[in-house]
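I have placed the structure first, in the form of structure tokens, so that the comments after it can refer back to it.
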Amino acid sequence: MPYRAKLQDWLPRLVLSPSVALIAIFVYGFILYTSYLSFSDSRMLPSYGLVGFANYERLFGLRHWETALTNLAIFGILYIVICTVIGLTLAILLDRKIRGEGILRPIYLYPMALSFIVTGTAWKWFLDPGIGLENVVQTWGWTDFSFRWIKDRDMAIYTVVIAAVWQSSGFVMAMFLAGLRGIDGEIMRAAQIDGASNFNLYRRIIIPMLRPAFLSAFVVLAHLAIKSYDLVIALTNGGPGRATELPATFMYSYTFSRNQMGVGASSAIIMLIMIASIIVPYLYSELKEKKA
Amino acid sequence: MTNMSGKFSRALLYSILIVFAVYYMLPLYVMVVNSVKELDEIRQGAMLSLPQKFTIEPWLSAWSTAQIGVDPTGLKPYFINSILMVVPAVFLSTMLGAVNGYVLTKWQFPGHRIVFGLLLLSCFIPFQIVLIPMARILGTLGIAGTTSGLVFVHMIYGIGFTTLFFRNYYDAFPTELVRAATIDGAGFFRIFYRILLPSSGPIIVVTVIWQFTNVWNDFLFGASFADADSQPVTVALNNLVSSSTGVKEYNVHFAGAILAALPTLVVYIVSGRYFVRGLMAGAVKG
Amino acid sequence: MSRISKTLMGSVAGLAMMSGAALADDVEVLHWWTSGGEAAALNVLKDDLAGKGIGWTDMPVAGGGGEQAMTVLRARVTAGNAPTAVQMLGFDIQDWAAEGALANLNDLAAKEGWDDVVPAALQRFAKHDGNWISAPVNVHSTNWVWANKKIFDELGIAQPTNWDELIAALDKIQAAGYTAVAHGGQAWQDATIFDSVVMGVGGPEFYKAAMVDLDPAALGGEQMKTAFDRMAKLRSYVDDNFSGRDWNLASAMVIEGQAGVQFMGDWAKGEFLKAGQVPGQDFLCFRFPGTQGAVTFNSDQFAMFGVADDQQASQVEMASSVMSPTFQSAFNVVKGSVPARTDVPDTDFDACGKQGMKDLAAASASGSLFGSMAHGHAAPAGVKNAVYDVVTAHFNGEYDSATAVEELVAAVEGAQ
């Protein structure tokens, strides 16, 4: 039955095609549209008069675009690394037949469930020296204790990291836990019989097997880092001064509050280029090695 | 390993886990404690201490009487909008992701890696650039300001992630089983329904948690593409919480925030249990 | 402007015309008045319309002093789904009018004589090319000082009337162990003070030259440096913890007697009243020392969007209701602002409100009524935010006053 066989041959691609088409239009089409806007004189609404590289020149003349990029580098690296380390550690620890796992797991996970529209306020209060941690520790008797990062131009970005890690490290933990549990028990047992120490067992055998989980974690975290918007708005609103501005807040501000859509679009394009230059090589190496 | 050091490392293990639990619980503590205080008490500055006078009033207010716009409806009516939006959006994007992951691992064709890479890269598109062109397209399709429009948007921007999750999961699934089934004459969909889907419990849970959280907590799309009668609960929460020139009732805000998060919290706790069960089934089989 | 972009504008306006979300005789209103007092004030309008048989479809989007709502509006208009009326501030109204998206209210305005009762400074925003396009609801004035009367009495401080008296008063308050100035370190709050300081340094002419006309000579001149010096001086009266604080928490500091004064717009009054305080007895309201006679304002208006023919009747009714003296009075008593027309009786207002109305009429008559830069009524959003950047950076110690002046000139030029 050649007809049936032919259908079976094409079916997979047919099934995949709606997704591909949607993504082609609504992601890549929109990116093209935005790159056009970045060369246009758009201000409040899109407009199609071309102005060459003027928007890009404006963009790189702006001091707080520089701040935003530096902040993204600091924030992105710390956030991804810390979340991965905490997530992996917690997953490994939780995987050791812990009593009370059923209680601990949701505690680690729940921050992801909350919207930053309001948890931002809770964090803001907690980090605020006057009413939060500093004040509490001082009333406990350690009067020298000082924790005023959120008010400090050079340190405020790290408070954003603290709150962001709080929100997503639990989810990363869950991904690693799923990965760990997916590893065949036989492999573990065999390795243990071979006398591999616990540390070596994880380093040599288990962690390399978690590769897909690392990929997922990286993609999820990088995505969250780049899109961190609510978090910054709620926690510091870009302040003190503009010290915690990130590209996402910058882009939003120029596109929508400052009526300079052209500059906003050019910042989006620069960001996309940066994202692509980091992620494409990573994906390429990850996906290539997967060759079965 | 002696018993002593075993006990010690066990104790260390638990203390690390508990320290982290405290870190994760802190903001929730701040929110809960302040949601049962009276506003005067918060104004006096004792934001981290336990309430002197316990009150349930803020919760009742946030749920049914707080001012959201001109109507004192509380968050109640917006829940249904969110649920009508979340359930189909999560279902559709999860199904698409599952099928995509299945094709990309078990029915590979030339160029499948590039397709996957392109789907994956789509996760990184900043939503700010989507707003205006998407509004135009929704308007053209006639679904601007409707729940269907929101479902459509969320489904599209969920595909990248759901595909990633399922692809990575199915990648580890033994291809021999699929081959054996093909030889037995099973077709494309039959293999999917009978062999892969039944063992996809854990990854479905992860995907549903992710999608549910993202869609439920989304504000930007909900605010931009919804009408008065389809606004999701996050938009209502934002209206409750951020006022420009009015009095801020922090206790009501916190109560409202916890209320708005309850469905996601429930999903996390309920599916967490299923998570383990699904995994145990897998272990027995292995 | 190119032909293509003109075509697009036309089609945007065309789409806006086809808006069909609300029922024919309903009005759909996009606004960000969501907190208790604000919503209560808006309910006055809703009830008024209900009395005329017009339904109200509520579309609240709060956040960022209307920024969020403006983003949503762009999506709505692009999708061809524009609301009937939109709460809007200053230059946004003009920008939307320039896109051709707004309705024309001339007939109604002529019938009701809006031209005679609305201050010219407000008409500058409510009219585009000589056509009425929106209905102003209120006027908030932003150059107020809110003071704790107990502290003033205790220290024997008289109401300061110029900069030196203000500094003397603040020194006294600080020496007595209070926080002198309750302030929240957010860009718009910093800029609110900056408005008053600029007005105080050089008077109305200087304010107009620098903030409204954006004259580089004024922006980069010696007086501007004095203004920044004064900002730095005020910075020294703020507590260590000011950064990021919400304005209402700063008000609470004055209410609780921890701080002496707050520089804030008239909406702060609501916080004092809500805490059971009485103007003149528990707290004082007076103009920022050195700005008496002048008023910096922002004004909420309802911009009317182009809607289908069958909805125009209710839209006009709504505009008429907004402009009626009874509504203007009832709304503004609740909201804490003052009416946008100067012929409304002040009987229902409290002491601060009465003074606000008197000041507004006087400032309007003498030509000293200016839009507030901090609140987007002196210059378009791009310039406003550029000024924010500099003022905030300077207030947080990033620039000294000389650098700030240079940066201000550059930033304003870059944003135009």
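Lettered A, B and C in written order, each chain numbered from 1.
Note that in this section contacts are C-beta pairs under 8 Å (C-beta built on N, C-alpha and C of every residue); 3 or more make two chains touch, one makes a residue touch a chain.
From a predicted model like this one, the values you see are computed outputs, not experimental measurements.
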| item | value |
| --- | --- |
| Chain whose Cα centroid lies at the greatest distance from that of chain A | C |
| Higher-contact pair (C-beta pairs counted), A-B versus A-C | A-B |
| Centre distance in Å when chain A and chain C are each reduced to the mean of their C-alpha atoms | 37 |
| Gap in Å, rounded to a whole number, between the CA centres of chain B and chain A | 15 |
| Of all residues in chain B, the ones touching two or more other chains | 132, 134, 238, 241-242 |
| Overlap residues in chain C, where contacts from two or more other chains coincide | 64, 71, 74, 78 |
| Sites on chain A at which at least two other chains make contact | 45-46, 130, 252, 256 |
| In the complex with chain A, residue positions of chain B that touch it | 13-14, 16-17, 20-21, 23-28, 30-31, 45-48, 96, 99-100, 103-104, 107, 109, 113, 115-130, 132-134, 137, 156-157, 159-161, 163-165, 168-169, 171-172, 175, 187-188, 202-203, 206, 209-210, 213, 217, 219, 234, 237-238, 241-242, 250, 253-254, 256-257, 260-261, 264-265, 267-269, 272-273, 275-276, 279, 282-283, 286 |
| Chain A partner contacts - residues on chain C that touch it in the complex | 1-2, 4-5, 8-9, 12, 64, 67, 70-71, 74, 77-78, 95-96, 99, 185-187, 239-241, 243-244, 380-382, 385, 389, 392-393, 395-398, 414-415 |
| Interfacial residue positions of chain A with respect to chain B in the complex | 8, 11-13, 15-16, 18-20, 22-23, 26-31, 33-34, 45-46, 86, 89-90, 93-94, 96, 98, 101-102, 104-115, 117-119, 121-123, 125-126, 130-132, 135-136, 166, 170-171, 174-175, 178, 181-182, 184-186, 212-213, 215-216, 219-220, 222-223, 226-227, 230, 248, 251-252, 255-256, 264-265, 268, 271-272, 275-276, 279-280, 283-284, 287-288, 290, 292 |
| Chain B residues within the chain C interface of the complex | 43-44, 67-72, 131-132, 134-136, 138-139, 144-145, 223-225, 227-228, 231, 235, 238-249 |
| Chain A to chain C touching residues, read off their complex | 41, 43-49, 58, 61-62, 64, 124, 128-130, 148, 150-151, 153, 236-243, 252-253, 256-260 |
